[in-house]
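Down below are the structures I want you to see.
Shared chain: chain A. Partners: chain B in the first complex, chain C in the second.
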Partner chain A sequence: MNTALLYALVGAGLFFLGLYALIVHAHLLRKILAINVMGSGVFLVLVALAARTGEAAPDPVPHAMVITGIVVAVSATALALALALRVQAETGRAELPEEPLE
Partner chain B sequence: MAREPGGEKIVNPNPMMSNGNNCQRLFRLLLGLLLAVLAAGLGYVLSSLPSPAPGLSKPVAEHLEASGVSNPVTAVLLNYRAYDTLLELGVLLLAPLGVWSLGVAARHREPLVDPVLDMLARLLVPMLILVAGYLLWAGAHAPGGAFQAGSVLAAAGVLLLLSGWWPGPAFSGLPLRVSLTAGPGVFLVAGVALMFAGGRMLEYPPPFAGALILLIEAAATWSIGITLAALFAGGRPVAGPHR
Partner chain C sequence: MLEFHWQAILILLPFAGAAGCFLWPQRAVPLGLFVASGIVICVIGAGWQLAELGTQRYAVGGWGAPLGIDLYTDGLSLLMLAVTALAGLGISIYSSGYFSHERARYFWPLWMFLWTALNALFLSADIFNLYVTLELLGLAAVALVALAGGADALSGAMRYLLVSLLGSLAYLLGVALLYHGFGSVDIAILAQRVEPSPVVWAAAGLMSAGLLLKTALFPLHFWLPPAHASAPAPVSALLSALVVKASFYILARLWLEIFPFAGPGPALLMGLLGAAAVLWGGVQALRQTRLKMLIAYSTVAQTGYLFLAFPLASVTGWTAALYMLLSHAAAKTAMFMAAGNILYFGGHDRIADLDRIVQRLPLTITAFALAGVSIMGLPPSGGFIAKWMLLEAAIRSGQWWWVGILIVGGLLSAAWAFKVIGYAFTRSEAPHDTRKIPVVMEWSALLMAMLAILLGLFAPWPLALMEIGSPFDREGSG
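Up next, the complex of A and B:
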């Protein structure tokens, strides 16, 4: 097991950890954090898999995608936070309306 | 779960409550098992990928000479996949538009009159601007580039907003909007101008590629920094003298 594979597996684990939290938690801030954890997992997988070139230098294409992805993820998080604040201002609750569990 | 916010609002009788609780626990258990199976499957796929996989690193290295920069990541971002980066900057412009449409920026707290924070901001902000400029310049041949430099610039903006500095009405109007659109704007103008110069969209002629990339990156750095700092402000700036 080499280092790149270890990082990729940790990234996959982070993704599913975030997915679990996204489904389980009702609070919007927790959902936004969960999506961020999922995104970090995806970035980690991409960066780790880029190291499999067999040379010293990694594949630059996934790295370029990740660097733009990080900045776009930050701005999407800001938009999500603004929307969550608006939901709380309108309904008084920082949650989406929940159907009762059958 | 008793800790869930809003859980106490359900006025079900007690037996029903515990029933729902059990249901939720079962749901979480099943969900955890399902996700664990999926994670194991993904882990298996990741570990069975062919190990020496050069990907696109060879074509990138072969054409690096003509790209105008010697850092392969910058070459991919601003040259080979410039169209993709242009659209990313477009997405980055959409985020403040969405935030601005939701409300005005509220100055949540009184400006802190903390001499330590004030001193720190005065010390760090020029340093951060310098680092952003260095990252922008270094991006041509070393790790760095517009996105990293823009993020550092945004950190300076966030620090300023936190320490009570707020852009005056002179900056909140046209200058702010020009700053937000400078990155995608310069990128688009450069791309279309190259079309009229006889090439295809965003096809840099090799002798000018380095200069064009630096120009586009400088505009993108400024835009990214201002965009992220404006997002931190949390709404559109109020017109006129702010209240």
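Up next, the complex of A and C:
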């Protein structure tokens, strides 16, 4: 097993770890962090697989994708944090209601 | 004019409109209506070009694939652009009357951004660009849901955002695996290179799971009713009519062009989930006491019909699903607008207290009833043509059991539509205050409903459009 594959597997592991946390934790901040861990996992997979070609210079295209992905992730996190604050201000709890409100 | 790059304008125009509406909130309404009309003209231009010259590929900035971003137009993407343009124009006109000044300054820029994302999504030629546009679409849609304010809308928006991000990340992981395996993200190049392997199956599974979640296919629909029902009425209309269709469009492209070798297994699974969605959505719609919740569950059911195209796997089946998409977009827009009018007029949307709305809002209830005709699938509406073609595809491919789903689904829709219309005639026990509705809101609802009916009468046009550069022929068995 080479280093790149190891990183890619760690990335996939982070993705599923984040997915688990997203499902089991109720607090919105934890859910937002979980989404970010999942995103980092995907980015790690992309970067690691770029180096797997075995050539001296890694493939630049996945790196460009990761940069784009990070921009998207930052905007999404900002929106999620703003929304979470408003949810807490409205309902007094930083959690989603169990049953959708009627 | 034939050489003109309509695709680029289709993305730049709403983008410039969004910036303009943000910078000059006082001018947002005329600016938004101007952009909406401009997009309709550009779609007509792109359609003319497509009919004359065939499919179009445009390399942004002169950088072609595999390094640059390509915009690609064929019959399928043009149809999606046209649906968006028509429903978008209707929603823009409706919104010009619906929003107070305070809300309008946030609505218009977000709506224009959402439109930019939709147009860019339908024009994208590569799966990574589809990811970016999918995220842009999700962020704009979530912000629009939150616009209603209040605990319901904010919780609905938050849930929607988490689901949307989860879906996109699963999709992105699939993109990473496909890129790793085949060294490209361009759909046309992938279509030639991809061959079955465990990595491809993992990628197909991840991408499909993410997109099914975003399309709200049963049993992944849990987030849709609260988000769609708690949003402001024009936002509910555009979410149900357009946003859930965008991820369905990507799914269709993926399975038709990149994974056509998948065989009947995954297709049958999607068909079964679609059938379950039709039944579950219909039953839940019937159980609702609030009008907007009811319409949102009906979206879950109507989305189910689209997935029947996967197991039918014929040109007729796909055409039927796309026609369903088209007529549902028009009918559901009209229905949410009508519900918005009722809510605006009486201050509530409790079905049992509709209180003689027939006499007080005759145009609105006509719009609701006409849209209902199309959703039930009665002739001569667009919904009828779509169901007829689905029926034909089911019988021709020897899978007659799907016909039962079509009939039961239609009956369930009829049941809830007549329930609502019945209450619209009766006097409520608790009278309540009402306020006057802007004329544009009533008329735009009625015009969208009439469009849904007219789609049944002018079916040959859109059907001919879909055949240009159609990805469906590859399935063969039509």
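To be clear about the criterion, the second predicted complex is superposed on the first by the 98 of 102 C-alpha atoms of A that agree within 3 Å, B and C clash if a C-alpha of one lies under 4 Å from a C-alpha of the other, contacts with A are read in each partner's own complex, and residues count from 1 in each chain.
Going forward, a residue touches a chain if its C-beta (ideal position, glycine included) is under 8 Å from a C-beta of that chain, and two chains touch if they have at least 3 such contacts.
These figures come from a predicted structure and were not determined experimentally.
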Quick check for you: in the superposed arrangement, does A:39 touch first (chain B), second (chain C), both or neither? second
Identify the partner contact of A:72: answer first if only chain B is touched, second if only chain C is, both if each is, neither if none is. both
Does chain B (first) or chain C (second) touch A:63, or do both, or does neither? first
I want to verify the contact counts: of chain B and chain C, which reaches more residues of chain A? B
Return first, second, both or neither, reflecting whether A:84 touches chain B, chain C, both chains, or no partner chain. second
Following superposition on chain A, which residues of chain A contact chain B and also contact chain C? 12, 15, 19, 45, 49, 52, 61-62, 68, 72, 75-76, 79, 83, 86, 100-101
Flag every residue of chain B that touches chain A in the complex, lowest number first. 4-6, 20, 23-24, 27-28, 31-32, 35-36, 38-39, 42-43, 46-47, 49-57, 60, 72-73, 75-77, 81, 84-85, 88, 91-92, 95-96, 98-99, 102-103, 145, 147-148, 150-151, 224, 227-228, 231-232, 234-235
Residue ranges of chain C in contact with chain A within the complex: 66-67, 128, 132, 135, 138-139, 142-143, 146, 150-152, 154-159, 161-162, 165-166, 169, 172-173, 175-177, 179-180, 185, 222, 225-226, 230, 289-290, 293
Of all residues in chain A, those that touch chain B in their complex: 1-2, 5, 8-9, 12-13, 15-16, 19-20, 23-24, 26-27, 45, 49-50, 52-55, 57-64, 67-68, 70-72, 74-76, 78-79, 81-83, 85-86, 93-95, 100-101
Chain C contact footprint on chain A (complex, rising order): 12, 15, 19, 22, 28, 31, 35, 38-39, 41-42, 45-46, 49, 52, 61-62, 65, 68-69, 72, 75-76, 79-80, 83-84, 86-87, 90-91, 96-97, 100-102
